[in-house]
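Presented below are the structures under discussion, each in the form of structure tokens.
Across the two complexes that follow, chain A remains constant while its partner is chain B and subsequently chain C.
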Partner chain A sequence: MSAPVQVTPEAPMLEAAGVSIQFGGLKALTDFNLTIRQGDLQGLIGPNGAGKSTAFNALTGVYRPTRGDVRVAGQRVNGWMPHRINHLGLARTFQNIRLFRALSVLDNVKVACRAETLSHQEHWLPASLFIAALRGVGGVGGEKGARGGQRLGEQLIEQAGALVLQGWWRSLFLTPGFQAEEQRITERADALLEVMGLSHRRNEEARNLPYGEQRRLEIARALGTQPKVLLLDEPAAGMNTREKADLMVLIRKLRDQFSLGVLVIEHDMKLVMGICERITVLDHGEMIARGAPDEVRNDRKVIEAYLGDSYLESHGGAA
Partner chain B sequence: MAQLLQHLINGLAAGTIYALVALGYTMVYGVLKLINFAHGDVMMVGVYMGYATAIGLGRQAQSSLWGVALIFAAAMLGCALLGFFIERFAYRPLREKPRLTALITAIGISFALSYGFQLDLGFKLPLPGGYELSLALPGASPRAFPEIIRPTEWLIIGDRDVVIWNWQVISFLIALGLMLVLQYLVYRTRFGRAMRAVSWDHRVAALMGIPTDRVIALTFMLSSALAAGAGLLYAIKDTSVSPLMGLYVGLKAFVAAVIGGIGNVPGAVVGGLVLGLVEEFVVGYAASTWRDAVAFGFLILVLLVKPGGLFGRVAAEKV
Partner chain C sequence: MTTARSATTVPEAGAVVPAGLKGLLPVLLALPVLGLLEWLLRASPFATYLLSVMGVNIILAVSLNIVNGMTGQFSIGHAGFMAVGAYLAGFVSLMLKGVAISFLPEALSDQVFFLLALLVGGLSAALCGFLVGLPSLRLRGDYLAIVTLGFGEIIRVVVQNTDAFGRALGLSGIPQTSGVGMVYFGVFLVVLVARRIAGSSHGRSLWAIREDEVAAEAMGVDTTGYKVRSFVISSFFAGIAGGLFAHFVPIINPGSFTFVKSMEIVVMVVLGGLGSTTGAILAAIFLTLLPEGLRSLFTSLGAEGSLAQKVDQIRMPVYGLLLVALMLSRPQGLFGTKEIWDVLPKWWARRKKGTS
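Up next, the complex of A and B:
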């Protein structure tokens, strides 16, 4: 019943190479490797505290890797601001739903929708001259001053650019360009709500939605950023059996419709085994197994560390 | 009855100014959870910028329509720039530090501005053609603010029972205009959406592709520009300008913001108006020496009855 495994020849959209995260003496994640290409649907499982969410945080730029590299769309993004990593095409949802609860459902998605913007820093001569001038002024105080001057110049230009070119300024004057842009964003957000079956909730405050719909709204919001890779952190948590079944269908549909690579953290074994083509198992921050669902299910280490300890006990050997 | 009407008008005129300054407190608190105690002093700097522009324009030009527009524009733009630098170099480096650190820094900036402006510093730069550019800090003593709006009685009811001055109407309209622009900006534009998202959860906002640093910087610029506008209106009303005016007006506006529920945009407006009216009625019906005591007493009363302010919600601290 599962979708055929697609071997895509394209370059990986998301790549983690030897990523380790350490908090003081605590090793939260050790030598984590992962590759996700367009069309992939992979799972990330492991007992509580195994480092799954830490891995998500390392990939999305919340934590900076202590060692190792994260690459998004071929770019090394270690230490980048999360919003820039997101702009490269990486979006996520959260284990404990983190919507903008006071905003309307529509606004939650619109917040994530970016307008097509001009690249205002490059190719604009006065800007380059201004930055060069500040670099020169700072250069009086040595190399460090020069770098500081350049950074300040870039930031000022960025602010000015944001005001003038990105429509935050234009919006004050209600120019046709601004209205058209706002219109496009609204249409895109509405389309996403439609896909996620949330159109009827459009104008409600996000906090008033039932749990399952909040989870779907989080996915809609993530899709608003036009990702190439979508990271879902326990998307089925708190859902009933019926909702979970729908969710499985939906995740596959999203992958195909939006040409995504998807990585799912999930505790529900039936869901993970049902939709993921490849599963990575973490325990105590280290990868202990990886492979197709059947391989992982029968892996000795996995049964010992994960199924043996908690799953088999609580589920009476359902696996 | 006529007396009541007169007090009502005076109170509203004063209240709109408090409201404008309070909006700055509330916006910055909204995005950063920082009480920007330097806000009043940024306002004071703005007033001096307007003062310098007015002096530079000369007696004739400063009270013409374009002269007044230029004074407001210079003060608001200059203050926006000041706000940008304060955020960039004083608050941003402390973003991830405990909140108290930034609060103390804000108090530090407040004193640096209000007392720094009293220093007797200045220099003269000879320019070709016999001109001279003189730049100097204003010094400690208050100065008369030029009459950029010549006081005229616009409406007299009865035997001078009720007098409405032109500056009251103009200042009310300018304040109202600025508030409407802000309301539109916050609730109808992409920047406002981003601001509300950052205000709700800046970490999630960043992961959804919002450049949080830029949103915060623009919020500071916006609030500082509003403060400059409000400061000029206050200086017109008060006909004087001094380096310490920021401490006093800032504190009052802070009270207004808290009364309305800090972090809440309509709350700041209502808080400002309420405070203006309360003060005016105390001065009118009791004694002017009681004004501040009643203003702060009213704050305590509001907080006793509604701890979150009139419009605020009391949120249990997340743990």
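Up next, the complex of A and C:
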């Protein structure tokens, strides 16, 4: 008898509720809702300027929502700095590739592979006690690390604490523990390069990679942060048809291998329809449809707003 | 544990030296060498002075490179932090003048107090670095440049109006306890710290910030925190440099820590290549010897006094010309973001190929 597959009602890893972003008079995103669980592979589509990238930026903390809530792993993260949201398990790639251009391919991934000391610091009891004690009776409430709002003394203590606790001294003295950790980070980064098929580029500068490989490196780097949810902003842009198809297969593989929830923005309709189980369609910042590929494909509003007549002509008969 | 992969990484001395000792090995090697150097130069005050000035400049350039090169921020007030270190270390030494630790030989006791003064100077500068860095490093763009520029000037004005610091006359009579050994121990420390940070996850975070702040933040790098910490470390060493300086020059006054001095350090870092520690060292050596060379040249030409004095006046235009020439011919500086051992072998190989 095969072991029963454990089916638990997974808690959502990423949740957006009524998120709106406004740039001056422009409503770039209005009342955006989204839920992503582990194992999801969802698509986000919409015409140019629909607000897809803006949605990513709102979810990852680049922009602060004008209204609404974003929750990552159950925590409300409105106004958090992006790096803290990332620590909760949300990673992303960028539409306009943003690699660390002058660094080697390996180092790009190693930056994202956070040293374990850094992660431990938040959980290691003596460290938290130390910081708490230093903070003293300052009466620090609310969201730690929210933009601004911390007192100077607290900041000083936090920075001093970071210098001691984040193991800067370990790197200065090259302690055996530090060396072993560097070794592990390198191994982890190498493994990710292997997965993304970039091992042969390991020591090259990221800026010298061809376009498609740069996009794959962005994914490898995002995976380095050990995310639970991965947001991919047009990961196949600029690739040829064959590369695109390969990438989509790879994305599905990543989802399974790393137990991710994935949200993909992609312009190529066929690709999104092919791999995504659920698709959200944006137009002018508003969600106009959501559902399985077939539902979305046949939705009137979507056809009008996004697919256009040419799509109907070429695909209408086949569907 | 050796893996096949280590063939492609930088060869490490780990096989010969036990891992625990590796971190301290350079220190153990450096101390006797520095002691020997000091002993060799004991009868040559000019060489001692020149090498000390050079050493202080190296510390300044290497430490500024941590912020301007490795982290990609732009600070142009390094002389201000040097001033803080110089005045506070000098002040401490003046206060402790005549005090001695009874069970130690006098020379050793002096060095202990000198170290203490240096530490006070360095930590004060680091604290100033924190106060200056925190508000300005949270913001993007050129705020840091503006704020550090202002900071340098404020320090100068404060010193000029504080009796305890001798106002415009400066502090004199600070015990001359510095020597080549101590200065180069400082050089050794700052280079060690810079290189070891560069080889750690902290260093990678700094480079990531230099390359793309938004991406670094998205990859979980606490960009503000790292910027502040790199700035604090950099300021600490500027303070140490100032403290060393105060203990081998006869007098320190506000004129030693002007904007010109700050720019001199910036030029060193840019000349060496933003991000290159060895580049900063070579540039600091070059820009220390250049005025001294010109001065001796003018002196040997028989232009005592007047022309030799002019060397100091033509400094700024010379730096300006140097920068312009550099930007036109080699904008990335001597070594770019690389180190000498990355650059020279390739350069050598290309040269050999070209000639044969």
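Simple rule for what comes next: the second predicted complex is superposed on the first by the 263 of 319 C-alpha atoms of A that agree within 3 Å, B and C clash if a C-alpha of one lies under 4 Å from a C-alpha of the other, contacts with A are read in each partner's own complex, and residues count from 1 in each chain.
As a convention for this text, a contact is a pair of C-beta atoms (placed from the backbone, for glycine too) under 8 Å apart; a residue touches a chain by one contact, two chains touch by 3 or more.
Nothing here was measured: the structure is a model prediction, and the numbers come from that model.
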item: Superposed partners chain B and chain C on chain A - clash or fit; value: clash
item: Contacts of A:Glu277 with chain B and chain C, given as first, second, both or neither; value: neither
item: Contacts of A:Gln179 with chain B and chain C, given as first, second, both or neither; value: second
item: First (chain B), second (chain C), both or neither touched by A:Glu286; value: neither
item: Chain B versus chain C as contact partner of A:Asn203, first or second or both or neither; value: second
item: First, second, both or neither for A:Asp190, with chain B first and chain C second; value: second
item: Intersection of the chain A residues that touch chain B with those that touch chain C; value: 60, 62, 81-83, 86-87, 91-92, 94, 98, 100-103, 107, 110-112, 114-115, 152, 155-156, 158-159, 162-163, 168, 171-172, 178, 181-182, 185, 221-222, 224-225
item: Complex interface listing, chain A residues touching chain C; value: 60, 62, 81-84, 86-87, 91-92, 94, 98-103, 107, 110-115, 118, 152, 155-156, 158-159, 162-163, 166, 168, 171-176, 178-179, 181-183, 185-187, 190, 202-203, 221-222, 224-225
item: Chain A partner contacts - residues on chain C that touch it in the complex; value: 1, 3, 5, 8-9, 14, 19-20, 22-24, 130-131, 134, 192-193, 196-197, 199-205, 207-208, 211-212, 214-225, 228-229, 232, 337
item: Interfacial residue positions of chain B with respect to chain A in the complex; value: 84, 88, 181, 185, 188-191, 193-194, 196-197, 200-201, 203-214, 217-218, 221
item: Chain A residues within the chain B interface of the complex; value: 60-62, 81-83, 86-87, 91-92, 94, 98, 100-103, 107, 110-112, 114-115, 152, 155-156, 158-159, 162-163, 167-168, 171-172, 178, 181-182, 185, 221-222, 224-225
